[in-house]
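As written, the chain order gives the labels A, B and C, with residue 1 at the start of each chain.
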Amino acid sequence: MRLEPIANPSALRRFGLPALALAATVIAASLLALIAGADPFATLGLILEGAAGSRFALLETLNRATPLIFTGLAVAVAFRAKLWNIGAEAQLYAGAIVTVVFGMTSWGVAWLQLPIIAALAVAAGALVLLGPVILKTRFGVDEVVTTLLLNFVMLLFVSYLVEGPMKDPAGMGWPKSVPVAKDLRLPRLIEGLRLHWGFGIALIAAVLVWLIETRTVLGYRMRAVGQNPQAARFAGIPVNRVLVQTALISGGLAALAGFSEVAGLKGHLSRDLSPGFGYTGIIVAMLALLNPLGVVLSALFVAGVFVGADSMSRAAGVPTYIADILLALSLLFMVLAISLTHRRVVWR
Amino acid sequence: MSQPEVLRLDRISKRFGALLANDDLSLALRAGEVVALLGENGAGKTTLMNVLFGQYVADGGTITAFGQPLPPGNPRAALAAGIGMVHQHFTLADHLTVLENILLGTRSLWSLSLDLRAARVRVVALADQFGLAVDPDARVGSLSVGERQRVEILKALYRDARILILDEPTAVLTPQEADALFATLRKMVADGLSVIFISHKLHEVMAIADRCLVLRHGKMVGDVATGHTSPDALAAMMVGGEVQRPKVAVGVAGPALMRLEAVTTPDREGAPGLKAATLSLHAGQITGIAGVSGNGQAALSDILSGLAAPASGRLLLGEAPAPARWTPAGALSAGVGRIPEDRHKTGTIADFTLTENAVLETHARAPFSRRGWMDWRAAADHARAIITKYDVRCPGPEARIRLLSGGNMQKLILGRVLEAAPGVILANQPVRGLDIGAIAYVHGQLLAARDRGAAVLLISEDLDEVMQLSDVIHVMSEGRLSPPLPRGAATMAELGLWMAGEGFDHAA
Amino acid sequence: MSALWDILLAASFWAAAIRIASPLIFATMGELICERAGVLNLGIEGIMVMGAFTGWFAVYLGLPLWLGVAVAFGSGMAFGLLHGILTVPFGLSQHVVGLGITLLATAAASFTYRLALPEVTSPPRIEPFQPWPIPGLSQIPFFGEALFSQTPLTYAAFITAALVAWVLMRTPLGLAIRATGENPAAAAAQGLSVTGLRLGAVVVGSGLMAVGGAFLTLSAFSSFFFDMVNGRGWICIALVVFGAWRPGKAVLGALLFAAFDALQVRLQQTPLGAVLPYQLFLALPYLLSILALVLMSRRAEVPQALMTPYNKGER
């Protein structure tokens, strides 16, 4: 079996194949529901309803999408430059820690303090990714494993902080940190709705990243380095400097997810702040084909699947892990479908 | 009395998309025969041999080897039938030893042992018999190009090949190594083997082949015994008419725009560094570097490109020394235009559009960007200008460059380099893999740039090209540069001596 | 300091180190086979989870322990096949496919577990492998307890490592696998099927990874719980690099790493453990792995075609 490139793929191919990938995911969902002993149509219906069937559901989805937009952007930016940032989880927690540390006590000027906290969070996330990237450029150490291992280290660090120095004396049982000051919580996006400004910042971030990628010199260089570092170096592009800049942006974006979850949603730091947003960000980014604006849509989709599955599980009993299976499958199906849009399978 | 026929290709056709690479080709080979397969780049010679060896499946036609039909598309079957091939780009694993490379695939995958000892004995015996000296336990990565070729031939002989195909074998050899290869081939032929020999070097073909088959645009246009033809006749068949060897006027030398003074760079595995190389590039002149690849050309090209800095010695731009931190960006701002050796790996980014490739070196400067923001309209205009001026055949500036043919890709690179009006131009194998039309075009552009006052450094493994275009020739051998040899004074024989290392001992 | 010596001189410490190293040895050999063939398998973490689950589940449902191991091996092979098909003939990004497989396998294991045992609060236990002292050898003072009183699955780990080393370095099959990882064109020119070799390597390697996971449930702990693999898969990737893609050195790396892991557990019981937070001790293995990677960063012997897809007949 061989693969042959197609010069001008038809519109049918370019849109049909991804649609097929989505359809395959739906079929897989039905099969899993059957295996779990539930009615497939009812299950799918409950998922949809749980994701967007009521105002409550919709807000829940938007809230869940917010950190995913940030981590999705972080991964998309990095992967574009072929920087395999699997450590968004650690960068997220770095941002969360900084948010609590600098947000515990209010200086009385929230309009000034919040942006400063956000900036510090970004710096913290950037630093966490900078380590592995310097190991890559200076020592040739593959960043996949180093970023991954740092996730575990960071989680242990968070565990230490919330059980020790940052422990909330008023908290009962489950260890969590001291809360962020009341006036430093992110305000509601729309009066009366349970949606905080984190979502707004995420949308702005998506647009900014898109502008950087398509309209700036840095974005051009990131794409060049990602596709052919040898040619980029020959053409005079400072490859290592571009990788560092990419790392700073990517780590900072992931940290904003932590900032948003702490200052916007939870109000404090705990070990279970992130149910794997860093890893899910990879799915979000790949489903969006690394396009920053697409990340918003794909984050909404992924969040909807999770929220819907939670709700469905309470009603129908199918384990919530069905969502994780579906999203992992959709990732693999989509990557396969995209590669076949401009390549044809040829049998000898 | 003629020998038995060992191989027959009958009406082979092979198409790649719109390109008919092999058009109804037939070929017969007898035992003990040496047949040369001639043609310009893109004529279809390598395609035909890849069909024979099973790496492509023909669209039409049959192959019969030793009286048995050969199943198509099956290298295993070809090897079993006694056909061995030495590819133009060697298929060797650098980290494995010579013995391991030879043994690869020769024993059943279910077998429990490699039996290295017996293999070593057999390899040494074959090497002695055919004059292919090599150390069986050496890592292939540490071998020279000539030695690697010997390993490739041993691979085929170890598998009892009775038909050996060699694809452009002398492209990477010095004249002396080529003679050693021919001695090996004669021994093989005396032993009853048959050889198919792809080449475009007519002198060698006349010396070694019994018969010449000429391909042009995928068709067979000639099948003659060597005794009944001449290099000029063969060239005419290859090109389809009278061969023009245009007389290139000598360039007028101006001031030295770039100089290397006793520059030395460290060796890398398989690629020697420069050894006290001295070179002067003058405006209005083409300086040619002759020599087989792997003798330090990469090191020289890296110095000029900004990818490496001298470890000792000086690099001078005009009168002033180059900055201590010498980078590709630095080379570009110093006015060095670079045409890299590999347009796919280093020259272009395959999935970028022509516009994006056109500004690969200039994107950080006005008018293509201002304060970090790209001006894509200006970039597209620039790409359009290059496409028009340099006749780049393409769907448009927003097409991905991977869709272009090699020649058109090279024209874009050429346009990108020349439009920046560089003072020094590094042309590294600028016409490798291009068809005749593209070759003539590129040469014309380089000469025009020279006449406008640029200093051109031409690195090429094609001695004819170097001798035809250069005003001054240096020979490169194991990292050392010969003194400059002015055109007319340097004959092929003399250059061959320098390439073999003669003359360096006296000059030093 | 004397506390440290006390720990290091105890035979039980070394026995623990070997025990901790066993799952790592299986999984590291599995990853090594994949990478030697040119395929980076980032599905290792998920496949270990799947192996842990299927092995345990098979035994929970009544199968004998060794059949549980076989079931785990089979589940690993299945996910390996999926990984291989997507990355070898279809040539998709090995990074993305690997991460997708990890997510998929982990999710599938969790889903099936929840489905089968919806109401349990504490994970049900099975009867794990019992230590099997080797007659005669296990009576040797110190070494007897340290080396020769392990469970059968541990002995199997070391035998597997020796087998992998022998096949890879001394048989035609091993040579063929190494060649596809160094220069697939060389293998193809010698009549070998690069696709077949790479697929086979990934499938078998993934099977071994799953057995590594099964060790955790069938020999170390005796029940399955979420997060039990806890990054061991990623550590094995570091161990392959640390071992310079050579089985012997990789096993040494696994032992060294396991010794540090056993050490940090015991150090927590010493006065040092009262002063430093326990999380620091738990973080040591991960930090050490990063350090190992940095030390081994002279990557001269990386298989040359690792992560490069092979396209037959591409012009």
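The definition used in the following text is that a contact is a pair of C-beta atoms (placed from the backbone, for glycine too) under 8 Å apart; a residue touches a chain by one contact, two chains touch by 3 or more.
Just so we're clear, the structure is a prediction, and the values are computed from it rather than from any experiment.
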item	value
Maximum centroid distance from chain C, chain identifier (CA atoms)	B
A-C or A-B, whichever has more C-beta pairs in contact	A-C
Whole-Å gap separating chain B and chain C, where each centre is the average of the chain's CA atoms	45
Centre distance in Å when chain A and chain C are each reduced to the mean of their C-alpha atoms	28
Inter-chain centre distance, chain A versus chain B - centres from mean C-alpha coordinates, in Å	47
Of all residues in chain A, the ones touching two or more other chains	none
Junction residues of chain C, two or more chains touched	312-313
Complex contact set, residues of chain C against chain B	170-173, 175-176, 178-179, 182-183, 185-192, 301, 303-304, 312-313, 315
Chain A to chain C touching residues, read off their complex	1-3, 32, 35-36, 84, 86, 135, 139-142, 144-146, 148-153, 156-157, 159-160, 164, 279, 282-283, 286, 317, 319-322, 324-325, 327-329, 331-332, 335-336, 339
Residues on chain B engaged by chain A in the complex (per definition of touch)	17, 57, 73, 305-307, 327-329, 331-332, 338, 340, 345-352, 356, 360-361, 363-364, 369, 372-374, 376, 402-403
Residue ranges of chain B touching chain C (in the complex, touch as defined)	16, 50, 55-56, 75-76, 78-80, 85, 87, 89, 91-96, 100-101, 103-114, 155
In the complex with chain A, residue positions of chain C that touch it	42, 82, 86, 89-93, 95-97, 99-101, 103-104, 106-108, 110-111, 114-115, 118, 195, 230-231, 234-235, 237-238, 241, 277, 279-280, 282-283, 286-287, 289-290, 293-294, 297-299, 311-313
